[in-house]
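The following blocks contain the structures, represented as structure tokens.
Both complexes shown next keep chain A, but they swap its partner, so chain B is in the first and chain C is in the second.
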Partner chain A sequence: MPAKFVHKKTPKIGVLGAISRNASALVLGLKYFFEPNRFTLMYPREYIVLDKRYRGFIVLNKNKCIGCESCARVCPTGAMKMIKIEVPDPKNPGKKKIAKYPTINHQRCVYCGFCVDICPTEALYHVPVHDVVYFNLADMIQDLESFQKEPVSPAAAEGAIPVKYVFDPERGLVKVRVKEGEKK
Partner chain B sequence: MQAGEVPKINMSSWEVGESRYLPGMEIKRLGKERFVVYIGPQHPGSGHMRIIIKVDGDVIVEADPDLGYVHRTMEKLSEGRAFIKIIPLVERMAILDACNVTLPYVEAVEKLLGLEPPERAKYLRVALCEINRIASHLYGFGIFGVFLGHSTMYMWGFGDREVLVELAEKLTGARLTHTYPIFGGVRRDAPQNFTDNLRKAIRYLRKRLDEYRKIFLDNPVIRRRLEGVGIVPKKVAVDLGLVGPNLRASGVEYDVRAIEPYEAYDELDFEIPVFEEGDSLARAWVRVEEIKQSLRILEQIADKLDKTKGQQIMHDRFWAKAPPLYKKVFEAEGRVKLMPLFAILRVPKGRSFARTEAARGEITYYVESDGKDKPYRVRIVSPSFRNAIMFKYVIPGHRIADLPAIYGSFDYFPPEADR
Partner chain C sequence: MAYLSVWTLTERVISIVFWGIVKLIFWPPIYQFVIIPGLAAAMVVVISIIWFERKAAARVQMRYGPWEVSPRLAGYLQLFADLIRYSFQEIIIPRTVDLMPFLTSPLFALLLSILPLAVIPVSPVKWTWPLTPSAMRYSVLIAAALTTLSPIFIVAMGWASNNRFATIGSMRETFLITAYELSAVIGLFSVVATVHSFDFTKVVAFQGGGKWLGLINPLALLATFIATLISTSAFPFEISDAENEIVAGPFTEYSGLMYGINMGSAYIKRWAMSILIALAFLGGWRPYIPPPNAGYVTGYLIPSLIVTAKAVIVMALMSFLRAVYGRYRIDQALHVSWKYVFALAIAGFGLAILEGYIL
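Our next item is the complex of A and B:
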């Protein structure tokens, strides 16, 4: 069933039509003047509780990482780099071996999530946080320690009100307050 | 000149080089009543471009669009990247239309690989394409509104776009740069309540379109500024090679979704509105009618998504041999894990074309591979680039006050044109 082309014409309005349409535009404007449909997020005082599926900041679970380099290879911006560190060798107690782990540069990361999806052991994962603030550029280059820490939204840490948006056939999106128990 | 001395500016001189204007707002005198006016490049509208116009009084006699301020060498950059890494790159052409502009690239590479995505993946792609199309048109309306001094339309357009951005976020995990279609399928399955939310959003937008009509399109003030302004006759539109809604507003039947259906478009029942007038008002109307049809498509897609629930969304070539962990993650989170071979994917030698109908018109990709893990050439022809030539031919003859009405009605998007 391919699409059909339908020829149409822009509706014409006469003088009387212009008057009535002026009036209806004003009435509609007045209606929204008294009953506005607002859903602005008052950010520092409120924050969105993001979905679990949200592609937010990326965190490493070092215990699962096997150092396969897939994440660094697929990264489209070169944000993820492998570093080599010495770790105790489980096979030869007392000796050390070289292991590879990824680190991330948040200056370059575009949060496409390819690294998370390509990781064969699920060692990388997204956290539903998107509003972390860094005070200088050097902090954005994560080392192995900070890459394993789950970032916390600064608004949430300072006790902002958690909200979320739900779909509504009448108002589009409605801002709803999230109760403590509902947070995932 | 000594330190501390203030340079003297001769306010009576209009000669070239004597600048008494802010950058981007220079005026040059050509004759008694003739001036050159530089409009832009500091954001005259939806991005960075400049229109150099020559005016006689306040009638424009010559217009010269000056593009390239946001050129990012995407085609050249593509030659040095693995195939998969090009998807997040090219979607930055038009982030509010991300699925539509990356889909032809994915299709072109799929043609070289000889893949056909599974049925459900096609529906999901179409769903995101149409969500993007509506969001992009609403964005265009917002910009158009603010050009005409109608700030209500700006607020409404951007506010209602949020509904669609939120839908896209629920589907893909990102508000704008979705990176959703991928070779062989899509990256995420629709969440549990996605189709319910989609239906709610459709009902809401239908109601809103009536209100848009009341406050914007049928508003006599707006109509006066748009009717008969910036007329593109059918022949001119064809000769200059316009695409998309701008072409269909001039009465030409051309839409890639109809003449060369891709993905699931041949299974869907929808109309493509064509308007005869070719003026700014018709270009606004064709977008409204298109939003209505997109809602119709989304309604059908919602039913189809319900029918194909739980089906595979990745081609067997990348999914049949997936380890058990991958399938577990897919069942639990609906997330398609990529096989490690994606990072070093070698595409067979060959060349391929693919095109889709993006929100602003037809977008074409040419991908040539020489059998390595990087493409030999990626050529992109984007809709805004093809529409930009129109400024040169449509604007002359109008007054300066008509320029925003014409510029806004073309829904021109500089980052997409400059690539």
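Our next item is the complex of A and C:
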């Protein structure tokens, strides 16, 4: 059955309806003009306290890593690469063995979190930080040492005000300042 | 003796130069066209109003607006930064334009939109009138006629640009001119029907004692207000230079300072129309009556500042609408202007005739 053409018309509101709607729009505008509810994030002076589960930068806990290569295999962009390094062998004291550890290239990483999900020993984890800045591209390729450091948000390091967006039933979305104790 | 005469001579020269400068400043053609309602005041008011427009729209739309440039002045210097940027930008003239109309019509549009300010009185004192008293009898007529001249140059700009967006923009402008012109002129002339005079000074004198024509004839005021919004492409009717439909309408091919002039001339026309509304409907300088034998300050500066303050309030109201309204389509705007605003203007004129008969 072919689709049927329906001519839809906008409802007629008449002159009085138009006047009342224009007046109510102006009144609403004036209400917001005198009591503004602004939630622009003034970024370098304020920063959002992100949720614990936020998919931010990925950090390696080297002690838990078993070198299974699952993260490097699942990585959709090829950002995760395994490197071989010599470590002391716990079974034969005094000798060394070759172990594999992952490193990350932040030029390629899309922060999908597949590596964190697939890691059997939870050696990889997300930190709720997303605003780290690199001054050249070479810095974005992490080695094993820098991969284990938890990055710090530069805004937070410079003493920006932590804020959070919460839903208020009357005013809608509002920006609230987070106190030191609540941060976790 | 010689010392004394030299001293008195320098004193006399200084006093002649000083009073000469004061006389030049308060010479009505200079004062009216260049200083207080004219170019200098228009510049300051336009910059402040654009700032107010951006801040008010930002407050209503849950943003901050310009802030980062000067946080203590709430971003006021951002507008000066924009002005400097416009004036140092390269002016690109495409090869395909019609050169003379392309270059001259922005200047004519700017000049003609500010020209009504050169024929209106801003004070009841006779020596401050920019026209002779016999010509002043027709000042409402002359001012209304001069406000209708500038749109033709906007159409000329679009045609000279030889660009499809500019052509569409100037076509929209022609539609809107035919739609608002009649309502604006009829709305403004309803004042004449009440006062029985084309003289602005008599119109203002009629409004003494709180008997403002805007209060006793709100229909004509509303019609003139909406027609001014349409004529200066203020927000619900910002159709001829709609940014997200046709790049910048008739101003598409302009760049640098030429674009700045085009953008400013709409605001300056709004300023001139606000001055006319303040004089015709809001009592002009009226709460203040200059003393007899009034000097430069009491006779000229204070009344012109009162008119300016009223016009600034009218203009701020017009700018606030940006925060609330979206943009009408061209057919909706024509529908509104022919079906409602024109009827409103006619009703206001009828009311004005009735009031002229009674009062």
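Quick notes
Just so we're on the same page, the second predicted complex is superposed on the first by the 174 of 184 C-alpha atoms of A that agree within 3 Å, B and C clash if a C-alpha of one lies under 4 Å from a C-alpha of the other, contacts with A are read in each partner's own complex, and residues count from 1 in each chain.
Keep this in mind: contacts are C-beta pairs under 8 Å (C-beta built on N, C-alpha and C of every residue); 3 or more make two chains touch, one makes a residue touch a chain.
Computed from a prediction, not measured in an experiment: that's the story for all the values here.
In the overlay built on the shared chain, the residue A:Phe167 is in contact with chain B alone; chain C does not reach it. Once the two complexes are overlaid on the shared chain, A:Leu137 sits clear of chain B and of chain C alike. Put chain B and chain C next to each other and count what each touches on chain A; the higher total goes to B.
In the superposition on chain A, contact is made by A:Tyr54 with chain B only, not with chain C.
In the superposed model, A:Phe33 lies in contact with chain C only, and not with chain B.
Of the two partner chains placed by the overlay, only chain B lies in contact with A:Gly113; chain C stays clear of it. By the touch criterion defined above, A:Ala25 lies against chain B and chain C together after alignment on the C-alpha atoms of chain A. In the superposition on chain A, contact of A:Ile83 is made with neither chain B nor chain C. On chain A, the patch touched by chain B and the patch touched by chain C overlap at residues 25, 28-29, 37, 39.
Residues 56, 58-64, 320, 323-325, 340 of chain C are the ones that touch chain A when the two sit in their complex.
Partner chain A is touched in their complex by these residues of chain B: 81-82, 84-89, 152, 159-160, 162-163, 166-167, 169-170, 172-174, 177, 179, 187-188, 191, 196-197, 199-201, 203-205, 207-208, 211, 214-215, 218-221, 223, 227, 251, 253, 255, 257-258, 261, 265-277, 281-282, 285, 289, 323, 325, 329, 333-340, 342-344. By the touch criterion stated above, chain A contacts chain B in their complex at residues 1-11, 13, 18, 21-22, 24-25, 28-29, 37, 39, 51-55, 68, 70, 73-77, 110-114, 117-122, 126, 165, 167-173. Only residues 15, 25-26, 28-29, 32-33, 36-40, 42 of chain A touch chain C when the two sit together in their complex.
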